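Working notes, structure below.
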């Protein structure tokens, strides 16, 4: 099974029967319908772009395609004949390979073992692995995609970008006829992205059908032969890149014109400084961070995935220890951990809600008062009735959709869960809110509500530091923004200069 | 990160050897303090005594690598040692005794595997339950008495030697090589890393984590059966409570060896060194006839110190 | 290597050096062996009986100017550990060994190893089922149990309901003592054995078993416990349920002697660990010095009761070992 | 169809879920009682019931401290050894000072110190709790063996012994302590900030830390309480046995863990209660008492305990998986 790619199928744009067609696919989870009657087809030798906002159902469609999820309803037609994709094994047999965004890599296996997991070359003795052949094939796949690294390196030692390249090598090595990629360039530098694009063009020439998932419009025009747009779990249209404009795509993605997205009244004069960070460095990869946040301001913090934005947020909040620099909050220097930060009035709405923001097994009420226990009950005696009143007020104020405060948080939808996390810090009376990707995986309606909420907070005298990889959001909502690159602040953009182009220019890697 | 990082080779063998340092330290200190420590007979003694613990620690490493635990090993070892005694006594053949012991051990392993992988019962609880069962069966099977009068062929397993090397040492080395091959050179071994590190990766690769997990626990049970033969051979009798508690020594040896309790970070050689460290410590303290209370406390101290270093290593 | 790596390794280095220093310090305190050394093997650290044996051995050693080394399993009554201790000690070749097997059958291979290294070994307390011994020193479990039970039956003039609290099933001492109890009961037609349940020589277990038995049997006149710990457990249960019965124990430990003095315990079979430790060590030393010894000394069954408990009051540490001639008279 | 759609999950019944779990267990305990009452008439004797209550409360004291540790997804294997050491220290203090009260303080102090050391290892040195407390178990055994050197401290003033083996107004004295500690446990869990934080730490340690809960201090607190409870339990064991010896701890740790698990406290943390542990201890004691009365061969006891533990936890995981 040589990894060299065979060139036999002649790519024909308009061959009548698609390689694989999905018809009327439905999939729902407790609280939300992820896919609603989605139909979708791929042709050999063609890149079919799958475009949509976070939470539009892109990842769910992909997981149904590769057998990770079982569709509730709908049909799969392969080469014209009806098939079923109930497991990863079915998908493999149909020649479907996937590059996941949350990697499917095993930390303490090396690169070669990860690439060929489940498909190791047989050694002489049955059940054993022919290690020489394993590493030889791995080197060939890595060279093939231009990724220069020793295949014996343990994956746990690799950076985010390198792990993404291993994911790509793993998919390519399966000689798949259908290759599905979930936002592959999110963690890559320019050079690595260019390597990927060259690889995609070559696979296209070999007749491989590629499904490319993204929410970046620039990539769509560079690569796409056909574009499908998903919104709220439904396919709202299929267009030919030659005959469409970025605005038209955005409107299809967002479902209404771009301009009315997020109401924001910008304060005329900025209040006193709430947070001042001077020369902050940590062992988690950020250095010499200087930034200021004033009352009534929403300050953006943008940059590519892996550029250190979450690390800055965690350092300010005290979750990671600073190795250098000062963090001055309300005029005096803080150096403690999250418990000191909470007492002072800082709040962190973490990147992954489920694992860092909420205690999923406990009730909405318990979560809402979690950060405010010391403030609400200084005597140490917890009064359930008073706690209940506080959480009921918050549920009403934030319009959290839940039958009661006793409901287990796990049952709420993404948007409502995020509101609970924000509510948690409202109860604690926070004055500086650090939002880390607050709208990731939330549908458009809830996104608007959350930004309205942030706007309300800031109008009420609080301050906000907003981390988001959605440049559009930063531009619409922030008073000003810092752009990060490779663990350092590349530049600050005032309100006037705050456009997507400037963010991209400062944030992208050079050379 | 413009340029992809240069190749750093982190093959497990070149892991910072905390346990190796501890072991060499113990050997040096005891050699200085008790001259008879480095005599060939004493070294053979330590190796022979460590074999039983090695037979338990090797499979325990695999179980811990899947973020699991097998508390029933000591009790299953006790039960199978009685079975070896009873079967070899009645049939006169060691082989049948071994076969019966390994079968019973494997049955308990499969039961553990099914409880953990099939019914999603936390490993600590499942194996705590089967520990009780095996312990009860051991008492019932032996009616609380030692089973004696075992054929010579059984005790030969402990006393004989192959090309002047005591048989238990040969068994220990063969077992280690078998597990080394299993873990680092077979598909199954690769998947054990995945069971601990990223179980979804296995499902995406079209494999069934449940079957693999049951196999890991079955191996653990089978090895307890195998160790049962060795223990009966050593005591020339099956005893109703002889092996109880050995599972904790095995867990300690694996922990001292550097296998961490999460994300499938296993190191088989570390476990072997951990077993030797425990063996050398006990042997050294015996030779010096230090008060038994110091011996008792020193094992606890070794475990805590080793974990402290493991913490240092993994946190940095 | 990044500075942090070097700094961490340096920190680890210091800890290792500290550890080495600690252990060496320990080691230097253990005096080098001089003169004849006798290795004394006992079952566990926690049972007062074996503490008495160790004290007896040390007392005899001081008198005879020999050195004793004690080998006790870290896990009480652990067979694999005692086996390892034997294998380790045989390498060091002590001059003689005084030995109590954790289990009289399972430790036979260990004894064979000692014999193979032709180290003279004296078997005390539990008679090993096989192996070459210079001599056996022990108390006669069966007869001592018989006499103690007879004392109980005499006080109740042969009539009443009785409970037996057995020790660890499968232990040699337990089998003989329970046989002694049963034979004594059989000698009296009026004595009725209500139940015979194991307390595993443990105080807490005996107490809980006794509490349950007190429910099932409204009238209990006598309790025969296979060791003092269980006897005391039974007494606690009786007092807890404010009932009374005549209780006898075994081993003649200090605790039992105090209870006899206080009238709570009727009697206890004297097993006298101290004497067994003394005589075992004396025989071992005499064998090394080529002096004549006897092959067996079975201590005459003595029943400690309120008539003769006074000599047993002196704590074990301040008792003196009998001379060889006196020792010969103690045996049957 | 935006996010405002009604959530699919059914509205929560008025009974909180933990209450249901405990209800099922009480029913199980009742069932065992009826079975025993039918099969052996001595079970229903008042004295036997009081016996069961006394033995349950003894098991409960050790298991209650352990429950808090398990609530934070941790484990304390040194509990038994802690009881042994604390009992020996208390015994000596009472014998030398003649003041039982001093003995009680000595036991609580010893237990708490061991707990704090455990907490320091888990919170500061970040050693997995399972292994840290296993190491501590052996260090404690070594200390106790050396300290006691095979001696047994026996004979305590009758007033002191009342705590363990006496009766007060017809009920065994430990039962009063049991009721007090059930109340303290319930208040601590439902009515104090610390209690809420401990449940949160168990449910999601990262989220708890990022919500400003001082993790090290809370973990230290939990292990210190587990140690203190072991110290208290040692006092009652001392009073009940009227003696202190080095190896009473051996047979206490595993039954305590079994009681916690049967009581519904999950090893994954965040779920369970001190009252649940009481019911777990009751069920375990009832079964063992029953087997004693039916004169079942004592070797069956570990077998039956094992089966009950697996059954109880399996029913739990099944129920919880249905809910999430």
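Note that the chains are named A, B, C and D in the order they appear, and that numbering of residues resets to 1 at the start of each chain.
Rule of thumb we're sticking to: contacts are C-beta pairs under 8 Å (C-beta built on N, C-alpha and C of every residue); 3 or more make two chains touch, one makes a residue touch a chain.
Quick caveat, the model's predicted, so the values are computed rather than measured.
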Self-check item: Labels of chains that are neighbours to chain A and to chain D
Solution: B
Practice problem: Compute the centre of every chain as the mean of its C-alpha atoms, then state which one is farthest from the centre of chain B. | Solution: A
Quiz item: From the C-alpha centre of chain C to that of chain D, how far is it in Å?
Solution: 33
Quiz item: Roughly how far is chain A from chain C, going centre to centre by Cα mean, in whole Å?
Solution: 70
Quiz item: So what's the Cα centroid distance for chain A and chain B, whole Å?
Solution: 43
Quiz item: Considering chain B alone, which of its residues make contact with at least two other chains?
Solution: 144, 291-296, 299
Quiz item: Can you list the chain C residues in contact with two or more other chains?
Solution: 4, 45, 74, 198
Quiz item: Which chain D residues reach two or more other chains?
Solution: 138, 141-142, 145, 298
Practice problem: Go through the chains and record each pair that touches. | Solution: A-B, A-D, B-C, B-D, C-D
Quiz prompt | Touching residues on chain C, where the partner in the complex is chain D | solution = 44-48, 50-51, 54, 74, 76, 195, 197-198, 202-205, 207-209, 211-212, 214-216, 229, 232-233, 236, 239-241, 253, 255, 258, 262
Practice problem: Using the touch definition up top, name the residues of chain A that touch chain B in the complex. | Solution: 66, 68, 87-89, 92, 98, 100, 103-110, 113-114, 117-120, 123, 127-129, 131, 147-150, 152-154, 156-159, 161-162, 165, 189, 191-192, 306, 486, 509, 511
Quiz prompt | List of chain D residues in touch with chain B within their complex | solution = 75, 121, 125-128, 130-132, 134-146, 254, 257-258, 261, 266-268, 297-307, 309-310, 313-314, 317-318, 321
Exercise. Mind listing the chain C positions that touch chain B in their complex?
Key: 4-5, 8-9, 11-12, 15-16, 19-20, 23-24, 26-28, 30, 39, 45, 69-75, 77-81, 83-85, 87-89, 91-93, 103, 105-109, 129, 168-170, 198
Self-check item: chain C partner contacts - residues on chain B that touch it in the complex
Solution: 16, 18, 21-22, 25-26, 28-30, 32-34, 36, 39, 41-42, 45, 48-49, 52, 142-146, 148, 155, 158-159, 231, 234-237, 239-243, 245-246, 282-283, 286-296, 299, 305, 309, 312, 316
